[in-house]
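Once you scroll down, you'll see the structures, which are given as structure tokens.
Paired with chain B in one complex and with chain C in the other, chain A is shared by the two complexes that follow.
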Partner chain A sequence: MTGTFELGWWGVLLAIVAGAIRVSTPYLLVSLGETLTEKSGRVNLGLEGTLVLGAMSAFATCYLTSSPWLGMLAAGLAGSALGLLHAAICNLPRVNDIAVGIALFIFGIGLAFFLGKPFIEPRAAMLPGLPLGNWSANPAIRSAFDVSPMFFFGLVLAIALEWGLKNTRWGLILRIAGESADAARAIGLSVHRVRTLATMAGGFLSGLGGGFLSLYYPGNWNEGLSSGQGLMAIALVIFARWSPIRCFYASLLFGGTAAIGPAVQTVGITEGYYLFYAAPYVLTLGLLIYSSSPTRTLAGAPSELSISR
Partner chain B sequence: MRNSPQPAPPDVDVIDFCKSFGAVRALDHVSVRFRAGRVHALLGENGAGKSTLVKCLMGYYRADAGRLLVDGQQRAILHPRDAHALGLGMVYQHFTLVPQMTVAENFLLGRKHLPAIIDWSVEHKALDEFMASMPFRLDPRRTVATLAAGEKQKLEILKQLHLGRRFIVLDEPTSVLTPTEADEVLGEVRRLSDARLLSVVLITHKLREVMRFAQEVSVLRAGKVVAHTETEVASETSLARMMFGAATLIEKPEPSRTNVSATPDFYLELKGIHALGDRGTPAVVGADIGVRPGEIVGIAGVSGNGQKELVQILAGQREAHSGSMRVGGHRFYGTRRELEKWGVSLLIEEPLVNAAVPSMSVMENLALRQFDRPPLANGGWLLKRSALRPFARALIDRYGIRVGSASAPLQTLSGGNVQRTVLARELARPVRLLIMQNPCFGLDVAAAIEIRRQIMRVRNDGAAVLLISEDLDEVLELSDRVLVMAGGRISYETDRARADRYEIGRHMTQALARLPA
Partner chain C sequence: MVASSDGASLREPDPRSKQDRGLPVDALESLLLSLLAIVAAALLFGVFLALQGHDALAVYRTLYLGAFGTRFSLESTLTQAAPLLLTALCTLIPARVGLLVIGAEGAVVLGGLGAALAGVALSGAPDGIGTVLTIAAGALAGGLWIGAAGALKHFRGVNETISTLLLNYIAIALLNHLVSGPIRDFSQTLKAQSWSIPKNFMIGNIPGYSVHWGLLIGLVVCVAVHLVLRHTTLGFAMDILGGNRRAAQMTGLPIGRLILLACCLGGACAGLAGAIEIVAVHGAASESLVVGLGYAGILVAFLARQNPLAVVLVALVLGGISASGGLLQRRFDIPHAATTVLQGLIFLTVLASGTFRGRLLPRREAR
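Moving on, here comes the complex of A and B:
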């Protein structure tokens, strides 16, 4: 960490930027997944459980096969399986998606802890990063610009989703299901089917977010790995008002806030840095208060969501 | 489909249709000939069989007996798909548009095969071409939520034409439109049929529209076609007689008393009320409203112009962010204590959602206002369940609520009976101010007349009545003074004697242009 000391306060800024990129990736993947699900008219609050189960599945698969990419695939599949479970239960008449989400949140975490016990100690192969900082000799800069391809995947996906919701058949069908179930039925669409697929896709992306946690940053598997990031990502969807591109910006903001704590620590501030660790939680709370109001509904919320009705 | 030459509208012959639901004969040997390129009205009361007939025609129901000829050939329509394939389509009373999507997106939704990737430049070009060939057009880039009701109705009709339908059933198409909008939409429909682009079946109970826009009319009563005539040789009176039967005269509520303003003080007075809607945009903008004892003040307006929010403020369900509300000269906040003290009764629209507890029994719902007062309770806290049943029974009999048991959950009752239950509850104690919103919405003619008679009775007993309604006929029939609410403002006021439906209609739509998109 000598490099950081050489850079002084610039180092803090650099660490925040680097941290923003690194920390934002799981937020981005989970929030994009949740945006997809919510656009179809359903809320999946269980994504924290999906994230943790994804992290465990990725780590375990990678440990057993030594392939981090197989691990990511396993994480995605585990996520879609939980998504399918959520959707299947919600397709039953008179089932509340919020309650099911909370149940699956706890179920996912419990399952991950149960199956993941043997994998807490060992090390597994990590996802490779793209060394974009090779132009510099400074090790701090080099490590800061070691960016995961998953970050770029998220960025491309955000752009593709933003475009696809308007310009593709699937995007239109997804939005009809989310805006007016009656209209969807009137034109012969199966609302349940659309929502099931959307929830599974959302679960897949959240699973990938979990895989990123255990295989890239912080890059191990333990029970405190996620600490509520899946829940905050859902709050972030509301803040981003259901727009994939705004999810990207919001994730960077969250990531940057989360990186303040570790960044100030690297310049040797030892007192009170725990307050900075709380920054993302404070931000979540602040944003939710800012974006809620007793007198109006949220602009941009899909009309079929249980929170809009 | 949209580039193919437009086929001629079909002749449709319904021959001897019968349809029963259990013991009820909804259609009893009904034969109607819908001729190509004409506007044919189906007239009748609720329950006369109009909807059943068109639902059989559109493949939603299957007729028990009867034949259907389309352009002289016998056809079987077993599913809405079959009807669509023959070019038959229907525009429903309630819009089937997706409000948060654009006009263009809504056009695309009905298409059988959506392309995997939508090339909007191509789609917009095709839509513009289509619009250019139509007698009226809409901007495909606008969001449906920003369209006025009349424009939405036109969009529904355009959608049908775009899908290649040449025979269209319009189910009460003007129920949410102002007179001017209604005339415009129906005028366009008539023009389309005169241009031989379209055959139209117009379901309505508005005689004025039948006389003005239809060429032929068939009158249904109790599942039978009782008359068929060219409108040229009919009159509103003759049609009304056919519709209700020769012996039945429509009893109007008692006429208004003259000299309503003998007491000059307002019992209910709103001054400068401002409030925000659910989306955080201004919904009520500086409303000043006053109602004197013994008069009915009617507020006309197209729905969505702040009426909902205004009623919620009056009912204590929404806070006004400025302005004052006084009842009997005192500040009023809509608390339970105030409602009782000042004799305020409320009949809000959709009572099952807004003013009653659906899963509680009829009995309990009837007692919601008084359950903790004598004789239903002792000392304000100990309920006397034994007193509840006779209390409810008396109201059920008096207001003719049709219910098997007073313990039946309210949600099991029909709309008219839910409305009667809430009205009975609200009128069960002395009323000095009655506030009502769309009190007869969705009720059949007999139930509506009964409820209007109750309203008149309350007014003639000296109560102040505020009537907020989307049904202009209702407002004109009952009110001593008429206000118009548009864009959240009270934009026009007139008294009964000078009220003119077109002038009022003009003010109902005037402020729409000023509303933010």
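Moving on, here comes the complex of A and C:
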């Protein structure tokens, strides 16, 4: 980032804001997806695998067709395929959804690394960004405000979901399945079908989050691409109390904390780089400790959810 | 989650209640289900390989050869299996009280760090004592790490699955921070690693084999855990708590203490695995501790259906799969990740097979 030096500490702040916007997008997409799934009464802990497989699918498709948008579609479809697998196994009686999630985590990552081996070297076309920083002559500011349309997609989706969950028939069906499977059955809903669709939708969004990683930021494909965003997004959903709009704020907060380390590095502070790297995890844990209670379940948690009981 | 039915589905039905039926139908059924699940996974993986244009049968032959075919591959399998024996217990013991702990990866790191630091601090101590204390420090560090998650669960109601997951990442960041500065051995320029423990603290190989003593330690711990869980009042109390929290409350069991103990013991096992990696293999803490031993341990525990003796068998199979990865890559140009795909498939089929438990074999009506 040339131009950061002349900005000094303002540059650090700028880097954190820019980082927050950039880093938060995969958190946002995955956490919105997981919110949908958990609202229906299931936990999909395998979204890290979904994210990585999505990243690989997006990159490979984009490399082969040179269309980043087709790549994003492939990422979403790969994600919903894993979601379908999760739902199909969890629909069997007496199967623990958390354990299936861990299995899919391993499976998804294995599949992504296996199929993605040939795509580690080449470069592919990237998703375009929206140049919102053109008013400034400073290249650091220009690059900081080069925002991906996926960020705005996530923002709009968060608002739409927040509204839709409360005010639409689909939102109501989803919430009934998550609050009481018996009640849902009593009014003739198929709980399995609702949860299957919700898990597939969650997988689709997580796949998109992966596609963002490989096609926008950091914008390549390798085996160290994801540093656990898919797993942290699950903690983030709990932190956001299953509210899509709070997922948006939480994602920004997570993105911002994740950006502190690289940002202070630009002004020459390298001490404790790895500790800054742990900041979002420590933050999540701290917030969980603060907001949990041994005597009652978390406010806002769907009652059918195994992690909140 | 302790009180939920999910807690119960993590565990096998208590074998004690079935003994009077004469035949251990449940044990037989578990074994049969696991075998069927592995066969199903193998078939699916075969189809997957065939779709990629590989000869599945030849791949399986090589897989067997690379895992158990020669003395060299067998020793490599045993070396791979050794840490899994211990990391599996980190999921298994808490599962007995109904907790789903997935923090073995972090506990291994903490165990390795603890052992490396203790080893360096103790340099000058007599050989045997130094080794024992070094290993004990690792187990202690791991035990406290997962014990903390248990305490958060009991005192604050923080979900243990999520907290142990986060602790994994925190542990890895802590390791990276320490070995890149505060405890870095700057004479090692190739790789960021901590100071090395004294050479005389290292435990070597079992005489006559190129397998280190960690394997034997792992076996002994598995058997010991089996005995404790199966034949002591402590194990019985844990089973009651895991099966039905309300019943445990009614009986006046010390629930908090049992949860803490289960987490500490599990964490200590994973910490032990990390310590053994230090004293038997690496000699210093570095990123080599973070190779997925903990995540593989979760798989082993579930595949063994939370039975410490079955862990031994399962660890061998999974160790074999890992050990043959290199050979597969060389012979067929199949990426190493193929073994991860296979492990994931086995995990999925084993979980899915759980749905047939109690329905596969005919049994007499319970009295």
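Going forward, the second predicted complex is superposed on the first by the 306 of 309 C-alpha atoms of A that agree within 3 Å, B and C clash if a C-alpha of one lies under 4 Å from a C-alpha of the other, contacts with A are read in each partner's own complex, and residues count from 1 in each chain.
Rule of thumb we're sticking to: a residue touches a chain if its C-beta (ideal position, glycine included) is under 8 Å from a C-beta of that chain, and two chains touch if they have at least 3 such contacts.
Computed from a prediction, not measured in an experiment: that's the story for all the values here.
Q: Thinking of the overlay built on chain A, is A:Thr284 touched by chain B (first), by chain C (second), by both, or by neither?
A: second
Q: Is A:Ser292 touching anything from chain B or chain C once the two structures are fitted on A? First, second, both or neither.
A: So A:Ser292 only meets chain C here.
Q: Give the label of whichever partner, chain B or chain C, reaches more residues of chain A.
A: Of chain B and chain C, more residues of chain A lie in contact with C.
Q: State whether A:Ile234 touches chain B only (first), chain C only (second), both chains, or neither.
A: After superposing on A, A:Ile234 lies in contact with chain C but is clear of chain B.
Q: May I ask you to decide whether A:Ala186 touches chain B, chain C, both, or neither, giving the answer as first, second, both or neither?
A: In the superposition, A:Ala186 contacts chain B only.
Q: Just to be sure I read the superposition right, which of the two partners does A:Thr168 touch: chain B = first, chain C = second, or both, or neither?
A: Only chain B is touched by A:Thr168; chain C is not.
Q: With both complexes superposed on chain A, which partner does A:Ala137 reach: first (chain B), second (chain C), both or neither?
A: Neither chain B nor chain C is touched by A:Ala137.
Q: In the overlaid three-chain picture, which partner chain does A:Ile176 touch, first (chain B) or second (chain C), both, or neither?
A: First partner only.
Q: Could you pull out which residues of chain A sit against chain B in one structure and against chain C in the other?
A: Residues 293, 295-296, which sit in both footprints.
Q: With touch defined as at the start, can you tell me which chain A residues reach chain B in the complex?
A: Contacts found on chain A: 166-170, 172-173, 175-176, 179-180, 182-183, 186-187, 293, 295-297, 299, 302-303.
Q: Can you list the residues on chain C that touch chain A in the complex?
A: 1, 3-4, 6, 9-10, 100, 102, 152, 154-159, 161-163, 165-167, 169-170, 173-174, 176-177, 180-181, 295, 298-299, 302, 334-345, 347-348, 351-352, 354-355, 357
Q: Using the touch rule from the top, collect the residues of chain A that touch chain C in their complex.
A: Residues of chain A touching chain C: 45, 49, 85, 89, 92-96, 98-100, 102-114, 117, 228, 231-232, 234-235, 238, 271-275, 277-278, 281-282, 284-285, 288-289, 292-296, 306-309.
Q: Write out the stretch or stretches of chain B touching chain A in their complex.
A: Per the touch definition, chain B meets chain A at residues 96-101, 105, 108-110, 114-120, 276-280, 318-319.
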